[in-house]
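Multiple structures are listed underneath, in structure tokens.
One chain, chain A, appears in both complexes that follow, with chain B as partner in the first and chain C in the second.
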Partner chain A sequence: MSETFPASMHWLHTWTGVIIGALLFAIFWMGTLSVFDREIDRWMMPATRLAPAATVSLDAMAKTMTQTGAAEWGMQLPTDRTPIVSGYTVTDGTYAFLNLDPATGKPLHDPATRGATDFFFPFHYSLLIDQWQIGKWLIGLAAIAMMALCVSGVVIHRRIFADFFTLRIGRKTSRTTLDLHNVAGVLGLPFNFMIALSGLVFFIAVYVPGIQSVVYPAAGSSFTQDAFGGFDRDAAGEARALGSLDAMAREASRRWGGDTARIVRVTHSGDAAAYVSFDRSLARRVSMTSDAVIFDGPTGRLLHEHRTGPMMTTQRFISGMHFAQFRHWPLRWLYFASGLLGCVLIATGSLFWLQSRTKRHMNEGAVGMPLVRAITIGATTGMIAATLAYLIANRLLPADAAALGQSRAQLEIWAFFIVWIASFAHAALLPRRAWAVQCWAIAAGALTAVASNAVTTGDHPLHAALRGQWGVAGMDLVMLAGGSVAAIAAMRLWQRKPRLVAGDPAAPALPAA
Partner chain B sequence: MARRAATNGGRNTAVDIVSRCLAALPGNYALTIGIGSLLAVALADAGMARVEAAALASMLAFPVFLIVLLWAVHAARLLRAWIVIGGGAVLTNAAAAWLAASPGTAG
Partner chain C sequence: MATSLLIALLGCVYGGFALLALSQSRNWTLVLPGRPYPAARAGLLKAGGWALLATALIIALVRDGPAFGLMLWVLMLAAGAALVIATLSVRRR
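Our next item is the complex of A and B:
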């Protein structure tokens, strides 16, 4: 492309950033939220803010689950982050979800929200576009772009060590932006590269199925079945009650050296050929192990044990580095901070591009500039404001809310997208104070979210902390901190005289540069 | 963009840039699948369990894709990039298919 390798990389870095920056910010933001998805779930589902249960009787849970009459069902067992049993049933291929109280085995009220685990998290890995897996492919493209940005960023950045200690605040704004971009980039480099690569490695069956199908040409066997474990047998058509799940869980735990199960699945429930699968807990390891033990339902006899070979163990380890499901609070916060730093990196990169081009493009009368600017504002501050709108809607919509044929859970998602789209429109139509106004919106939104949680549930941060609901208290405190940062940013942006904005008819004529 | 005087005889036209992007993304993907498939079949032939061979080759595909991408962006001659990527994709995919179909393949 260019004469020198750094020049080629400069071109790649600039244009990849401009084209994919907004998408990358959305993925990083949603991924950062997903680090604390269970805690956000507790915040959004007040009925599930339970004290952790001492022991969980699987047989008591199974009683409730078999009463649903579903032939296939499963449950995710409580952890120190999730005090509830998340059950699901499958009837004719359709999933239904119900939460159980681990102390009693009784169903909890339908939370009427998709929370974080069913909205922020799938947004992070699929953009909620499931058709032909387009969303996952866009995410894959963004992950490759992130790695290309990491490499090209290092190549074009000649003073990488010196600039690590350089942050020139108060000088020229674009200089500060670039310094911030460089510091965030260097500091986050290992994390950003690792997180992009591990995300791709997790989805090998989605992104490079051609490599697997060449050694799995025949129907009847598949890479995913061999790789992730799979056991199947047909129903016998003869009714028989399920044996004791607790006894099976003890046997599974013995085989795993004391590790407990995280997921229990029952297939052909109530049939003589029923079988029960136990997936190994992830709390004590980085690896997202696919170790599983499968028992005969009625008798509890061991049918199959899945263990992975070295390569799939490597794949599970790399996936585990991405998912961070292990029990380690300092590391979890480090993931969260690294995610936020990634958001700063992406936003300052886009901002630097805008700041360094505005003048020249205005003189040239280029039309693309206002568009990129509006997209950048909507994708960054707009995305944060939309997230807060989703949380506020969750707290303020009545329990039985429904409008225009949409359920309460869907209305929350409407709140997210309406605010997000409105923020793009606002940035495009009223560009002069757009950054400041949206920062004010974030500050106000954060305060409203915290207040609405306190009013509707009584769990203001102090109260929540005193009764051990650290997830809820932490969520409120992070929002208060974030809202304060947004308020400071808004005040400083407001005091400054309006920036020159390309395409703004009110902008004064520029002196020749 | 004065420094963007490329060695392929002048400025990069829009067609050049689109062509280079096609080589660096879809072309690169076909080449990566070819290299990965060839590696998976060869490892399986050499006695590795096929799930393990496929997993290793699949994971290596991402660094391969990244390196080819960076090279395709920088390659001085666009035509050469296309010959290497396009030709490599055809050759590796054909070789993998031939190896997979030949007797003696662990299957």
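Our next item is the complex of A and C:
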């Protein structure tokens, strides 16, 4: 630690950034993709690119669901972002998933992919490490580090107001990098701080386990009851058909001032004691309400209504700001842009560290620098390339693909991790042109992904837009734009003479005399 | 209506930050190299800039109510500032 306050903040900012930068980039990148997870799902599951259904009959879909014979089942209802019904059944504690066409109530084919909602999104909040919730703890650590970086960054920024508008893109690359880092940091400050803090607030029960026992000393579910509602009763053991779900949905909507339901759950399906829970839509407010209405299955009589309490509404509001499940397109795009800006912030921070220290560290014979460089390259450009590999695998693997005992959905994830690991190896072994080569890979990958979507589904951006598939068209256009940026970056990097110093393993061997 | 308010909002944040940028002599000489920097009236530019940003807040609140309106305003501020910074950095080249 240094002696003066700004100097110690400088130290904190530098080393927190170096140690946690790669992890932060992964979380920010996956979070940014998750802003449009439903749209990426449509891109990756062509069979679900349906026109919005004019009328959705819950009873027609209930028929399909009851035919599965499951005692417990539920459905996520269509929204303007998801034209399908995502159903699930629970048999002896095991979940099974099936998608339904809301227009007909008939099941759709298994998409054979985890898409974005079941890969990018869990990557974002758990790093896919579920053991002892290690992933969530690492993410909590990264969120705290992000807030520390925001604060220390403001402290060490020498001319935050004077340089507010300053972005000098010019010949001196380290100047450009630092200006970009400063601008991205200052403009993204409210968003980055809010997103890190709200992420922590959402997982409060993970990070402060048992916190609710302060107010709810008795063991049991009274906390869950108060916070999230909940209703339970045993099965009667007497068969009885389910009443009309559509009628129950109308009553729920009336109680919610016109809001619709987003999830319907049926417990003890086919039993005389069956009950149906409706969760309120999240479309019209920031807060992720836990409002629910529960009806008696056979008669449709109201059994219980849960209204989110004031304390929970606060927690749900902060969580809702993070989750962005509301229906608000300008905000959704601003979240996406802010997420990308966060990625730029993290990448330029690491890059500036490398640019300003490579020479000195190599001269001093420090061994850490090539390691940080390889990790930074793999974690940034490598992560983007791996994402594109996942999308390309999704479009090019045959529908019944399976290899080495892995299903098609698993093979897509293999494609992601193989490319990601390869990008680290490439950056470590061939660092001379690693940035440029990986930027080329991103440009080529983006073009390949767009082309493979056009060839395998016929939905090239124009076609997709003309038939109202804006999610698919937008996904292609964003990839084309991103690929173009990567191509420009690659060309610039390629033209530049790689600056290497003696002692760097990346420097070419001296020609024999 | 919602779309035109959104465009007005973007115009206000862009205009607001543009005026704030012009109140700094460095950016003034960059954008208007022929005209001397009006040091005495820089405060006026600043006040105009802040007024436009405040107008943007009102537009956002009218359009979307307090919760969505505030979020939209804060994120639009960043977008407007980013556009001004991009404009200046294109002018600089």
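The rule is short, and it goes like this: the second predicted complex is superposed on the first by the 493 of 513 C-alpha atoms of A that agree within 3 Å, B and C clash if a C-alpha of one lies under 4 Å from a C-alpha of the other, contacts with A are read in each partner's own complex, and residues count from 1 in each chain.
Methods note: contacts are C-beta pairs under 8 Å (C-beta built on N, C-alpha and C of every residue); 3 or more make two chains touch, one makes a residue touch a chain.
Just so you know, these numbers come straight off a predicted model, no measurement behind them.
With chain A as the common reference, the superposed partners chain B and chain C fit together side by side. By the document's definition of touching, neither partner reaches A:Gly368: not chain B, not chain C. After overlaying the two complexes on the shared chain, residue contacts for A:Met321 are found with chain C alone; chain B is out of touch. By the touch criterion defined above, A:Arg285 lies against chain C but remains apart from chain B after alignment on the C-alpha atoms of chain A. Contacts of A:Leu187 after superposition: chain C is touched, whereas chain B is not reached. Contact with neither chain B nor chain C is seen for A:Gly458 once the two complexes are overlaid on the shared chain. When the two complexes are superposed, the chain touching more residues of chain A, out of chain B and chain C, is B. By the touch criterion defined above, A:Pro330 lies against chain C but remains apart from chain B after alignment on the C-alpha atoms of chain A.
After overlaying the two complexes on the shared chain, residue contacts for A:Ser338 are found with chain C alone; chain B is out of touch.
Between chain B and chain C, the shortest distance over C-alpha atoms in the superposed arrangement works out to 19 Å. Interface of chain C with chain A (complex): residues 6, 17, 20-21, 24, 26-27, 64, 67-68, 71-72, 74-76, 78-79, 81-82, 84-86, 88-89, 92-93. Here chain A touches chain B in the complex through residues 1-5, 7-9, 11-12, 141, 144, 147-148, 151-152, 197, 200-201, 204, 207-208, 210-212, 214-218, 223, 226-227, 309-312, 314-315, 318, going by the rule given at the top.
Residues of chain B that touch chain A in their complex: 3-7, 12, 20, 25, 32-33, 36-37, 39-41, 44, 49-59, 61-63, 65-66, 69-70, 73-75, 96-97, 100, 106-107. Only residues 162, 164-170, 183, 187-188, 190-191, 285-287, 317, 321, 326, 328, 330-331, 334-335, 337-338, 341 of chain A touch chain C when the two sit together in their complex.
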